[in-house]
Amino acid sequence: MANFGDLQNEIYLAGLSGVLPTLPMSFAELERRAELAMPPGTWSYVAGGAGDEHTQRGNRAAFDHWALQPRMLRASTERDLSVELFGTRRPTPIFLSPIGVLGICGQDGHGDLAAARAAATTGVPMVASTLSQDPLEEVAAQFGDTPGYFQLYCPTDPEVAASLVGRAEAAGYGAIVVTLDTWVTGWRPRDLATANFPQLRGRCLANYFSDPVFRSRLAKPPEEDPNTAILTWAMMFGRPLTWDDLGWLRSLSTLPIVLKGICHPDDARRAADAGVDGIYVSNHGGRQANGGLAAIDCLAEVAAAVPGVPLLFDSGVRSGTDVVKALALGATAVGIGRPYVYGAALGGTDGIVHVLRTILAEADLLMAVDGYPAVADLGPDSIRRC
Amino acid sequence: MANFGDLQNEIYLAGLSGVLPTLPMSFAELERRAELAMPPGTWSYVAGGAGDEHTQRGNRAAFDHWALQPRMLRASTERDLSVELFGTRRPTPIFLSPIGVLGICGQDGHGDLAAARAAATTGVPMVASTLSQDPLEEVAAQFGDTPGYFQLYCPTDPEVAASLVGRAEAAGYGAIVVTLDTWVTGWRPRDLATANFPQLRGRCLANYFSDPVFRSRLAKPPEEDPNTAILTWAMMFGRPLTWDDLGWLRSLSTLPIVLKGICHPDDARRAADAGVDGIYVSNHGGRQANGGLAAIDCLAEVAAAVPGVPLLFDSGVRSGTDVVKALALGATAVGIGRPYVYGAALGGTDGIVHVLRTILAEADLLMAVDGYPAVADLGPDSIRRC
Amino acid sequence: MANFGDLQNEIYLAGLSGVLPTLPMSFAELERRAELAMPPGTWSYVAGGAGDEHTQRGNRAAFDHWALQPRMLRASTERDLSVELFGTRRPTPIFLSPIGVLGICGQDGHGDLAAARAAATTGVPMVASTLSQDPLEEVAAQFGDTPGYFQLYCPTDPEVAASLVGRAEAAGYGAIVVTLDTWVTGWRPRDLATANFPQLRGRCLANYFSDPVFRSRLAKPPEEDPNTAILTWAMMFGRPLTWDDLGWLRSLSTLPIVLKGICHPDDARRAADAGVDGIYVSNHGGRQANGGLAAIDCLAEVAAAVPGVPLLFDSGVRSGTDVVKALALGATAVGIGRPYVYGAALGGTDGIVHVLRTILAEADLLMAVDGYPAVADLGPDSIRRC
Amino acid sequence: MANFGDLQNEIYLAGLSGVLPTLPMSFAELERRAELAMPPGTWSYVAGGAGDEHTQRGNRAAFDHWALQPRMLRASTERDLSVELFGTRRPTPIFLSPIGVLGICGQDGHGDLAAARAAATTGVPMVASTLSQDPLEEVAAQFGDTPGYFQLYCPTDPEVAASLVGRAEAAGYGAIVVTLDTWVTGWRPRDLATANFPQLRGRCLANYFSDPVFRSRLAKPPEEDPNTAILTWAMMFGRPLTWDDLGWLRSLSTLPIVLKGICHPDDARRAADAGVDGIYVSNHGGRQANGGLAAIDCLAEVAAAVPGVPLLFDSGVRSGTDVVKALALGATAVGIGRPYVYGAALGGTDGIVHVLRTILAEADLLMAVDGYPAVADLGPDSIRRC
């Protein structure tokens, strides 16, 4: 059985033949090169966040306040990074976070497909965004054997919402991830300064434009009158869901329902009591609400509040070290966001695969060195606040 | 009903037609551009503070130690940002802090009038400074339907003080805001290095020069002998008020009295016991006393000490996120200072309106995303020290 | 009665006539300009410290962890900055810290005399260093009505020590300040890199070379054989005093004895029990022992340990704000070190006077604004850890 | 008896004759110059660490959270820096940490020999790395009267392991230091980016290539077929030891066994219970596992957990101040790593000796000034968290 960390041997051995990695080996370099590779507006949209971006920076900084505990002389020769997710065993504890603007980040304008192919290659599941450049069915067609999950921005038109969820179930998605914190867009100074909001320019609306119910709301199809279609989209984009809507959401499919954006333990408890299938701790990478706690700090509190509930997590994860910390703090699986977008910008599917492999390799080697042979060995005893 | 946050839609939609914002969308850019736009001496006067400016910087940094608590699945589609202030309902929870040098910051040398017009446009009340480039009556004449409040630097000549307060009441001001911490000017190295104190050059003394009692103290009117008038002003500028003076202050008008500059809970309790109508927590933006606690930290303590007392707050507020935090920590209304001065420097009335609208939009969207539909929903449960 | 803070009026009024300050108004600028004005080796010697200078930087940073409490509506129109020191009333709560290399920092090579003249002008007492460029008698001759104190580096030759103390008493010094932490020189990389130690080049040894007992130890007088004199000095420079030596020290004169360099409360208690007349909390500005607590933090602990004992303090004081904090934390009087050396480098006696006046003005205005009319009003209630 | 701190007198006196130090006097300058002096790949290998190097930086930063307590008036004229280590008295409390790549860092490609000669010169013991450019016997031949210890990367082939240990015992090494945290290499982005791993290029494998058992595993000797030899080495490099292996390790020789890489108090207790002769607290300078606690913080906890057990320590030590802090926190002896490698790069044996002498001088003078005449006087009372 191979370990993810074997990637380093591969790289060093290739180096003996003069073959050097062409893609970045650190997030710092990845970010630097992605900024150069992406169109400025797209870069700002992806790299930016809400307000003065303090929460976005805080998401990163907070990881440094958590210290893993190295343990010696434990048998960690082979590592098991697999996790149980929605009733299936996944070979890795990470997933691709939903990224609305992903379509225009890939090199060919089809970033969603590139990510789906990377999911197929690596076994890392993709949470496909509602705001996709390609219809969810075409995205799913690239998944191979890897499961995918569908992220829902719930439209105000309940029949469009039902249609999207129904299509996701039909296309084989394994769960519905309902984003709670984005029925309205956060205040993002970088985008406002250039008045740049890609969706309003028709980007990443394929799921709507391909949706029969959505199309039925239009006098003319989007192909003929895109502006009206975009405006219709904008008007119905975000339904501010309440606790009362959970029953209705459940009624839309037989799929597991995951609530994304929960950061407060009381909300987590209430969601668990309401029987959701998973809680996704996230502050949207600092893109929606500035001024809040770092997401990794919320994770620790939520995990303590709802033991046993599957917990997805993202916001601020940049490396394998971050992944291991989030797992130790209670995440069932850990979402990778901006790093893989940057990978897409630098190398399409290969770039995403590269980023995922380096993150997994770092996590794997860290668990090896620190004496944690399996994800199940990570827990409160393996991490501490410092 | 429109929300303040709709501004972002307006901007993004304008962007589709190629119309980009000409004024800054972030405080960082606002500050940068204002420095370039303002005369160096004026810039230093406004941007500088007391001593090594540690308290001024600390005012900003301390906001980062307070984290708002995002709550999901709550009905916050429409927000109510209105607050009750001195018996009237105001549509927004912010106000324009008194700025002594404001007159020379506006593009036409009449910054006070520009701010008053912005108050009229936005419904954001202005606390008009005693140190105004235009007489308080002319400032008030620009307020439209928006109430205004009069900030008093209490002169040592009690009859001049009485005259100023009486004029403010006659001109329709709705409260007297008595500044406690500036009967003497703080030690400000930037201004000392250039020996620049605008008032001594006759700036912003219109309220005195137009005052009949003040004029009666002069042998010749200020128009004929400005130097003596300035010197007379300087000699009578600041009366160091004590607790014993509160009764006298009260006797000067029927208006509510607000004490500005209180940072210690014991002082707040004593003021409340003395029956003041409001307490204004502020360290003067770090311009008067260096070496003290950040103002936002004082707010939390004062709010706990005098529950139920109207609390105005300023010092360090730069964004809508800051506004929401201050409200959650107990402010009844939150004062905007330097940001609107910079707005005035960049765009006069329009610049101030722009700054206020962006701050309100950010606050509004933050409350939307974080699940707080109204100011009344913000409180100790919605914020925590971190 | 004039307040020290009136200096700001003086500066602003002079500015109206076009007269700008020629000397720096902030420590940051003072330091910048002094570096340019001083010979590199002298600059490094003064500005540098022990090890990687973490303690030196920490001395500064720690002031920011203490917050003064502004109190309003208190009668602080006139301030009383006087303190009782060794039985006499001093008009200010500051003093000139002993500076060994001072002689070569003044513009004419007689920095000790420049400082003594500044003491005469300002009423700020000077603690004259044993390592003086001019004999202690000549330094004392410049003091005017201001008392002076003599800092003793205790030689290993007890008769030389006795001679120095006897001369100090005869010359009218009011106390002996015995430095405990410098019988050996700390590890100072900046000086080591250039192998620069001014005393070994014959600088600042006038007290020895003029001393009859010291001279009696030499075969030839220093004027004829300076190298042997220097070597003799180096051999007898520092006696590592112990608790057992206090009685002997006391026997050398009738003057009050102050122990300089005490940072630990247990040492302070033992010193108080031994009957010393004062304790001088200082870590030598970070020049001797790296890796220790910031001096201002030690002050708070020592003050609590030995209530009632006169406490001198220095290390890290750069401004009037620092002075007020140190007073609030228990210092009887606060020593100014590097700032006045930089003043000497930029302007000789006038430069020192300028620096002292700005520090006093800032302290005075801060006490005015913060509502503390007298040094006696400062105490544990006026400051807090933050 | 001479003190280590006399080095400063030596430097200052030499300066009088115009002789300036040619090697750096501070770590900051040492690092700067070493970067310029070393080949880029070697520099990155030595200076870099695991992941984003947060733990590596944290190792340094954590020293600043510990403050030594200066005590005055104690007899510290002569210092005793000697410590008891493995039954012998060593004149200094420091040692040379094992450095795998040391061979190629020295100026002549024989850094291990240079370090061994520096050990002979200074009396500072060297922990010689398994990954040596010269066979352990040749290294030991340079030790003079200074003892040496052998660091073991335990091969998966037990007979090779036994052979290495046996050779070390035969060559006169005084202890076996078994590295626990490096049976697999950590994720090091700097090296991965250039695919540079010196050992895979045949560097520092002399102990294997000279080993009869290792050679018996090869069809052709390394001199004839180096690639196969390297590959064979890589395949057997690291055995992931477990607690069950301690008995076997013990059986390999009569030498004391030290476990290197223990950071958790529970592991320390278990090791002590298992009867190891010493515990080496280290996180490998941040080169193996990112995301953990700073090593100096681990030291404090381990020391409390296993009183009486000899404790070696390294990771982050750059100066004499660091050495004294580690001793106060419980280290029996303190390892110097990167500083001496940089010394080797700048000056070979002389460079290493210089670095060691400056570190010892700083430690010695700090103990003198702070009133701790001997290592035994350092302990919990002499340091505190701040």
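Think of it as A, B, C and D in the order they're written, each chain with its own count starting at 1.
To be clear about the criterion, a residue touches a chain if its C-beta (ideal position, glycine included) is under 8 Å from a C-beta of that chain, and two chains touch if they have at least 3 such contacts.
Computed from a prediction, not measured in an experiment: that's the story for all the values here.
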Geometric centre distance via CA averages, chain C-chain A, whole Å: 60
Chain A and chain B, separation of their C-alpha mean positions in angstrom: 42
Residues of chain D engaged with two or more neighbouring chains: none
Overall pattern in which the protein chains touch one another (line/ring/star/complete/other): ring
Chain pairs in mutual contact under the definition given at the outset: A-B, A-D, B-C, C-D
Touch list for chain A against partner chain D, complex: 5, 8-9, 11-16, 19-21, 24-29, 63-64, 66-77, 318-321, 324-325, 361-362, 365-366, 368-370, 384, 386
Residues of chain C touching chain D in the complex: 50-52, 54, 58, 180-187, 189-197, 200-201, 234, 240-243, 245-246, 259, 261-264, 266-267, 283, 288-293, 297
